[in-house]
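Okay, so chain A shows up in both of these, paired with chain B first and chain C after.
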Partner chain A sequence: MEAVLNVDYFAHILVFFFIYSLVVFGLSYSTHAAGILSLGHGAFYGIGAYTAALLTIHFNVGFFTATVLAGLAALLASSFIGFCSLRLKEDYLAIATLAFLEVTRQLLYNWSSVTNGAYGLAGIPPAQLFGFEARQPVSFLPISIILSLFGIVIITRISRTPLGFSILASTDDPIALQTFGKRPTVLKLGVLSISAFLAGVAGSQYAFYVNYVHPNDFGLSTSIMFLAIAMIATARRPIAGCFVGLLLFFVTSELLRLLNFPAEVKGNLIQILTALTIFLVVLFRERHAKK
Partner chain B sequence: MRGQFDLLIQICINGLAAGAMYSLVAVGYSLVYGVLRFINFAHAASIAIGAYAFLTLTTYLGIPIVLAFLLASSLAGLFGWTLEKVAYHPLRRSSSLTPLLSGIAIAILIENVLALAFGPAPYRLSRSSESDAIQLLGRYSILRVHLYMLASAGIAAMLLLIMLRYTSLGRRIRATAENLELAQVRGIDTDNTISLVFVIGSFLAGVAGILIAYETQVTPQIGFLPSIKGFIAALVGGLGNVGGTVIAGLLLGFFENVLVWQLPTVYKDSIAFVVLIGFLLFKPGGLFPNKWKRF
Partner chain C sequence: MTSVRPLLKVSGISKSYGGRNVLCDVSLEVLPSTVVCLTGTNGSGKTTLLDIICGFIRSDIGSIKLRETEISHYRPWQIARLGIARTFQETRPFSRLTIQENLLVASPMKDANSFFRIFFRPKLAADELRSARHRVDKIGTELFKGNTNVRSADLSFGQRRLLEIARVVCSNASLILFDEPVSALSSESRKQVVQIIRTLVSDGASVLFVEHDQNVIQELADRVYKLHAGKIV
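What follows is the complex of A and B.
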């Protein structure tokens, strides 16, 4: 009995590890390689989760279709925000995604006839693939691992092609890139869309795995958490650092759970740690770059 | 018919008071952007620090309101100085992404430290006369705190414009905004000037925080929405244009409240977002002509 519990516990953490990994791969690539700061990944993740939840509840759509559509919904939202703000300066994207995040959260809260407002959406059926039902953590784990691999393949494929080098150049030297007839803004917009697509796919997995979605799960703290996990990665190696970040995050958050803090205090402590991580990594990089 | 018109006037008064708060917050964004060309993402923390400092000073230490008001906003100003020294000064020469990251990290840090120190439950400021309504022309009424909001935004804008135009500090700020290297060549201590710009912006955000605390409750997230709307006002006014920013803040508050009169209340915060998207798409330079953009 004890052993079964332990397997479920580790499988549960691993499922979240791989769901988060998908968001973080995309976010790491857009932050480090394309040099754009998105504070809206919590919202893109939430849009994915709500899209998948609504599609399965109302239209009985399968896991695969719902997940693809969830990714596309997040992609559309991000391209809209990106199109409006990236033409000007990268700074504007950060504030536009922040405002978008808040508006999305309020919409999820208040559009009760569709989203069920503050009660959240319950009763999302478990994922069904090839006639088998992924109800347990252990049976959902393969799905999340495969989708995480899919994310790794997409990001590494892009980063190793000429397109990937153009994306790197769009932050390092946009003017040089323009002299080669390439448009930095279009490249950045593309990276943002892919990154949001992955976040939407991850959100859909979240909905199918937890079977319940609530507006509070997709706020600024979620965005910041993803950002902090993605901070350790670098422009040229966007994936490897993410695994370090994910490992650190899950170990810390499980240790905090063992210490038995009240739920709010634990939440605050995690956010303080994530903020410190972002701040220290930024300062460390700066020190390092000067030498 | 008369009743509807009276209601509209009343809504305008409330809207302008809300707008005055956006102006106070927006000026900080505009000044910092004018000098350093980036968005100070930790501005929300200044608002929260002003509100919590005022709460502590009045409720727990029993310091008279006027003194507490000055102390709390000065503390927010001091926070601005520290923020610049700790989070922005070391990153002065790096890419535009890094100050955004360190700013948002500081904002999250302060929000959660406040939540740990004061607990997650909201506080109410002890209501004295600030929530009284004053009668205007017999028919309309204005809350005393709304009157303070309008007055403080007006006084702040006036002093700031005079300071920027006619004092030596103002000339230093304008020179630094115009061309940082040239200002240094002329012997201006630009580091000191930039610190002072942060102090001014955060002081005003602290004032806004205290007044917002009177109207709503004090929570660690108190600065979040006002800071987003303040930025939108700064964008509409043209970043770096202090006078335009103040007018834009008033306009934003005004339109929000007038539109919400006809729309469901839940859309109130979405109006500012629509304004942001509209201006980013069609008028990214702001409402006013470019030649006004110099302080």
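What follows is the complex of A and C.
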């Protein structure tokens, strides 16, 4: 109970809440609006984290520049995978993104000369902005809130313009959409790129906040966790739905911690609950769609 | 005497599937600001011809020219950008969008439809959207009595058909292809559709439409082509 009253504990949870929010805003929008079922967002998150870590450790690049470049690196990677696979439909696209996730994780593991392999990259300095060092959770929190707001602005701006309507239409009826001069694949590629950019930015925050990155942090379980949170959202309410998903995830996760479950039980319970959430949401949506 | 150059010129189009000729040496012309009707029995190849003109199906041989541009090898979105819009035999509204949003998707917008420009040139995008909304609202008031915030999935068949037609009106296309625009519509809705097509033509657009209804053909068509077993007869 003592932990609940600790400001740093709260701030730490909130930092992760806002870091994850950035990934799931993009992921929920690409899933629900553009119909891109991505299992590869853990990879974009990881690419962002490693890019920021490497730039900072080897080239002494500042937080802001490293974060922008981390987002761009994830965007580039998504453009590549999108260009290769966006003509695939649903399950096949999901499998392609899953393959990309695994390739990325293996690359992070095995390209030891750059990524330090299984040892991970340690010694990432804390974020510094305008001479102010965000070493503690409380001091990092404003950064993660501002970047989360940045994600909200981007997704809201897109979804409320005719561009956002075209993105929805690209899933509803891509053939009819082409008769108005729109290119469904390009629209989807744009959404995937922006979504990956946000995941990359989130990854950079993770690197600067935790000061250590390891390939296992960006595997399938991370991707599935993001997807489970994003599943709660809808195409029309990507932001509100994500906040509900994030709240559910963090409240459940922290409740399990407070109830003093042993670590190995807690880990398994979270995975079971994540799978259950996906199952229930899909079931609810299927029934709702039939009505 | 000067002859009017055709807006659309289809010459010698043939298409076969597995040895079966669906279209055989089909040629037709659509002159500017005219209504051309394509009629014929079911399975005579009318919709296939529209699909070929729009780029959804490639013909085996033949040429399609819009003004002087050969478009037979173009993709559907490229052909649409050159000014050809179409409706489908089965209504195909974007079901998650409202009527107004459907019409905005169809409206030609450069700035409000670009990932780059909505962030980096927001004023241009906003101006463009404002003028498009003005036009869409006008059409919405005329056709849907201003009730344009209804999701298109919740519309009746007749309203969905009307929405499809309203979309091509919004697209500002110079040539509009209608695939059985009045089928399964009430007599009142038929009159409305006929009126819309007349207005489109008086505003300078050309129309090529597939239809069975002889009354509508007589009311609208300046020229009629009849397809039988894939050939113009």
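Operating definition for what follows: the second predicted complex is superposed on the first by the 281 of 291 C-alpha atoms of A that agree within 3 Å, B and C clash if a C-alpha of one lies under 4 Å from a C-alpha of the other, contacts with A are read in each partner's own complex, and residues count from 1 in each chain.
Here is the rule we go by: a contact is a pair of C-beta atoms (placed from the backbone, for glycine too) under 8 Å apart; a residue touches a chain by one contact, two chains touch by 3 or more.
Here the structure is a predicted model, which is why all the values come from computation and not from measurement.
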Just to be sure I read the superposition right, which of the two partners does A:89 touch: chain B = first, chain C = second, or both, or neither?
first
Of the two partners chain B and chain C, which one touches more residues belonging to chain A?
B
Tell me the contact category for A:22 with respect to chain B and chain C: first, second, both or neither.
neither
Could you tell me if A:37 is touching chain B, chain C, both of them or neither one (first, second, both, neither)?
first
Is A:282 touching the first partner chain B, the second partner chain C, both, or neither of them?
first
A:169 in the overlay: touching chain B, chain C, both, or neither? Say first, second, both or neither.
second
Once chain A of both complexes is superposed, is A:103 in touch with chain B (first), chain C (second), both, or neither?
first
Once the two structures are fitted together, what part of chain A is touched by chain B and by chain C alike?
171
Using the touch rule from the top, collect the residues of chain B that touch chain A in their complex.
38-39, 41, 87, 90-91, 94-98, 100-102, 104-106, 108-109, 111-113, 115-116, 120, 224-225, 228, 231-232, 266, 269-270, 272-273, 276-277, 280-281, 284
Show me the residue ranges of chain C that touch chain A in the complex, using the header's touch definition.
54, 56, 75-78, 80-81, 85-86, 88, 92-97, 101-102, 104-109, 112-115, 118-119, 125, 129, 132, 167, 171
Per the contact definition, I'd like the list of chain A residues that touch chain B in the complex.
31, 35-37, 39, 84-85, 88-92, 94-96, 98-100, 102-103, 106-107, 109-110, 171, 220-221, 224, 227, 231, 264-265, 268-269, 271-272, 274-276, 278-279, 282-283, 285-286, 289
Chain C contact footprint on chain A (complex, rising order):
154, 157-158, 161-163, 165-166, 168-169, 171-173, 175-183, 190, 194, 235-236
